[in-house]
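Pasting the structures here.
First subunit A sits with subunit B, and in the next complex the same chain sits with subunit C.
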Partner chain A sequence: MFATISILTGIGAACGFLIFIMSKILPKEDETLAKTGVLAEILPGMNCGACGQPGCFAYAQQVAKDKEFILNTPCMTLLQDGEALKQLEEILDISLDTSGMAKIAVIHCYGNSENIFDYDGIRSCKAAAQIGAGYKKCPYGCLGLGDCAAVCLQDAITVDPETDITKVDPEKCIGCGLCIVECPHGLIELIPRDMPHYLGCSYTYKKKIPGREWCEMGCIHCRKCIKACETDAVTWDKDRNLPTFDMEKCTASPESIEACPNNVIIPISTTPPAVSECH
Partner chain B sequence: MSDTSLIAIFVSMALINNFILAKFLGLCPFFGVSKNLKNALSMGIAVLFVMLLASLGTWIIYDLILEPRGLEYMKIIVYILVIATLVQIVEMTIKRTNITLYNALGIYLPLITTNCAVLGVAFWNTQESYNLAQSLISALGAGIGFTLVIVIMSGIRERLELSNIPKPFKGFPIAFLIATMLGLSFLGFGGMV
Partner chain C sequence: MEIFGFDLIFGRAQKGIKPPHWKFTKEKKTEKLPLPDEVIIPLSQHIGAPCKAVVKMRDEVKVGQIVGEAGGFVSAPIHSTVSGKVKKMGQMVHLITGRVIDTVIIESDGKDEWAETYEPLDPDTASIDDLRGRINEAGIVGLGGATFPTRVKLSPPPGKVIDTIIINGCECEPYITSDHRLMLEDGEKILGGIKVLMKILSCDNVLIAIEDNKPDAIAHMEKLVSKEGLAATVKVKSLPSKYPMGAEKTLAKILLGKEVPLGALPFEIGALIQNVSTMKAIYDAVFKGIPLVERTMTVTGEVNNPKNLQVRFGTPIRTLIEHCGGLTKDAGKVIFGGAMMGLSQYDLDAPVIKGTNCILVKKAEHWTERDCIGCSRCINACPMDLLPTMYVKLVKAKKFVECGDNYIENCVECGSCTYSCPSKIPLVQYIKVGKGELMKIKRREG
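Let's look at the complex of A and B:
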């Protein structure tokens, strides 16, 4: 009886001693690990991968190692949450200038081009874009099958089933950028959150005077927006044959929005103008 | 089993008496970690490693301490003790050398402690009264069989993510169905040894 008890105790003690020895032999735990744990709790924890790291924990590791990392690759979700941001600043002992960091996704198309044929294939923009440039008259336009809406973790992108117009809800969008690669026509772009408007057209065909014959909503290349802008924020991009907005110079003045005869310059945080209102 | 040559033991443990598909042991990590090929492989290798260590440790303790003193009835508690210790050491090693892998394995790593496949292989070795070499080969076979099945499963499940599955079958139900079919296909190995 006594022998049995002592054997069991002995085996237990030997096992414990083995663990002790191993913990001494193995390399010490990373010092930043405790900090990583604290940071990981503040981070959103949905592992969207928009920062380029394999997950929120890996991001926390990078930040714990080097706090400058957060300035170069900010966590887009965190930027939306003021309270968490304040906690983060306290822990890291830095002050973040968040203006211009927060981004929002915009879709450079209002997708009102008519269909050339009835598309009956796989319900995916990427599949549809393999046939010609899609089933719409405008080969640059949004196909409205919602590949971007499917990847959005915030449910910020919706496709209007009647008009096939894809919209980003500016209140829900956190600017993570997951949707950008999903668009086969490359229509989605991240712009600073405080930009007042964006261009709702990606028509880059140079030869024809485009617009009306392919899409009621298209940019007709009239360049009125450039003339109307007082701060020289609008310039003509010769390569893409479209106006571009200088993110730094642009103020919230509505001149270029009003100047556009075709309502292609779309103010953010308002509902898109109804298509029938086209001039 | 009449034939106890090392190759026979290996093939038997890896394919014919596969721990997951024939003995239904270690199903928890089988369904929990088989969503992604990389993690599944890591989990399989971790289990294989723990199985080998556990076989070695339990063989030494059983043959040198328990059996000579007639303490066979204590093997459950002693085996659990030994396996828990080994898993602690493996966990500590992974945590201090590869924190990403540690996070990926998550809860399933401590679960190896109570993983019935590891305890199962230790008991199997004792029951068949294998010697040291046979024990190690049997653990190697069991671990490789485990890894093989979990990797096959994760490959299939990665494909399933992309396929069009009826809504009620999404996630675990279809995984259970796949596991059944895998089990049936592994039945084909029966009678080889």
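Let's look at the complex of A and C:
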């Protein structure tokens, strides 16, 4: 009886002593680990992967290790949320200059080119685009089968089932950029949220293609927008044969939008979206 | 067939499917199609770099004159196929790749005047470089359907020795009979082409592979081989009729017992595989100095009078179908190539190109895709021993890198899996999406 008690007490005392020694020798708990926990609370927790990390916790780990990481690869979702940004600045003790960093996705096509044949395969843009550039008259246009809508975590992209027109809701889009790689024709681009408008056409070839002329809603290359713009923000891209808008010079004045005879220049509403809760 | 018999007994026979033959046109002699009024010549009719146009608007051209210069090493020049005036330099969407490419439209003057063709060469006396150069000048590409420039195939990398030439006359796809007719009508020319290949590669082991549903072609080729005194070097092999017997890798496996390594060309196992039509084109280019301007093709299916035709490249499909008596009431789909691997076309004004061996008109049928029931028929059918059903699951889940880990690039897109699927899943289309996306990922990541 006495032997048992003394042995167990001995083991306990020995273990306690060992723990005391080890706590003196080993380094204290890693600061970054504690920081990661706090940061992960602030991050949106959607695990969208737009920052290139496997998830929000992995992003928090990277930021906790190196403050600069957030400047090089900002979390697009976080940029939409002012309060969360303030909290982050306090924790990391840095000041972020977020002007011009917030982005929004736009589709450079109205998507209402005529169908030239019946497509009867997999309901996916990637599959349809492999058959002679797709079933639309315009070989550069949106196919409207909704590969981009399927990956959007915010349900910001919608496809009208009747007209096949794909649209991004600027109220919902957070600019994560997940949809960009999904488009087989490369129509989706992230543009600064401050941009007042974008071009709704991607017909880049210089000559007409027999049987495949551009659609009624396409850019007719008249260059009226360049003449109308007072701030020289619109320039002509010779390689792509389309106008480009200079972000820094562009003001919200609607001259070029009004000048376009085909209404191809589409205005964007500038109200920032409310970030939805974790999915 | 010593190898094949052995394999059958031990269950190692070539996998594949047995679709009905439907070779309705095998008794019909090849007809020459009258010259079309205008030809549309896309400046990219082969795998590799597109050609650069060397003619201008309103230029007078003659048959055999170069209109598109080769754009690189893996490329082949394109010749005018009629004599007349360049009517338009336009653009079109490529029939297969979907890229926008330059096109030359030539209006025929009906005279069919030939440009100064090349000097005929004698393969016994001409140098190897001359012969190889002639094959390149004549714009010869693999006419089996893949349109890989023949010059590249005939220039094996240093250190690689080709010890077997396989001439592919299998024609395993249903409906197509153009190679069959070519062997019966122009067998001597095929042997002439083989002689040129033997000289270029200094190889004296040639196998002519023909499926056993063409006994007349086998007998005819055997007779010709013994008549020409080539019996010691050229052997005619009869293969069982099983799709896809004519695929390059399947042929190498079944005739030589060696598998082509992953992602490699048949060079690696010392084999060169060429179609019989390519042999005839080589004969024309070397012995007669005629560039590649026409080929034999089959027009079959829902047309009133199916035929084998000799057609100049660039002829619109409409002309061919009208020559064959027009479409029947049931016609709903026009396919370039065979029923298994062909690609349907939306425009009857689309021109035939170097790779077109058949124009097949089919009824419009609609299949609804159902869920996979896990029957594994596609796995049993796959000639490359792949797992088609797994790729469908991976592509649906957007796991393209995992597709690559499971050797999706080895797929030859023969369509055996789609044919055997009871749930009507378009497996090949899913695999094509997987391959395309994997290519994009690889390009992005370097």
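In the analysis below, the second predicted complex is superposed on the first by the 233 of 279 C-alpha atoms of A that agree within 3 Å, B and C clash if a C-alpha of one lies under 4 Å from a C-alpha of the other, contacts with A are read in each partner's own complex, and residues count from 1 in each chain.
Just so we're on the same page, contacts are C-beta pairs under 8 Å (C-beta built on N, C-alpha and C of every residue); 3 or more make two chains touch, one makes a residue touch a chain.
From a predicted model like this one, the values you see are computed outputs, not experimental measurements.
Once the two complexes are laid over each other on the shared chain, residue contacts for A:F117 go to subunit C alone; subunit B is not touched. Legend: residue contacts after superposition of the two complexes on their common chain; A:I11 is shown touching subunit B, with no touch to subunit C. Of the two partner chains, neither subunit B nor subunit C is touched by A:K24.
Once the two complexes are overlaid on the shared chain, A:K126 sits against subunit C while remaining clear of subunit B.
Once the two complexes are overlaid on the shared chain, A:K238 sits clear of subunit B and of subunit C alike.
When the shared chain is aligned, subunit B comes close enough to touch A:Q61, but subunit C does not. In the superposition on chain A, contact of A:P139 is made with subunit C only, not with subunit B.
No residue of subunit A touches both subunit B in one complex and subunit C in the other. Across the interface of their complex, subunit C is touched by residues 116-117, 120-122, 124, 126-127, 129-135, 139, 181, 205, 207-212 of subunit A. Of all the residues in subunit A, the ones that touch subunit B in their complex are 3-4, 7-8, 11-12, 15-16, 18-19, 22-23, 26-30, 33, 54-55, 57-58, 61.
The part of subunit B that touches subunit A in the complex is made up of residues 61, 65, 69, 71, 74, 77-78, 81-82, 84-85, 88-89, 92-93, 95-97, 99-100, 103.
Interface residues of subunit C facing subunit A in the complex, by the touch rule stated above, are 90-96, 98-100, 103, 343-347, 349, 366, 369, 426, 429-430, 432-433, 436-437, 440.
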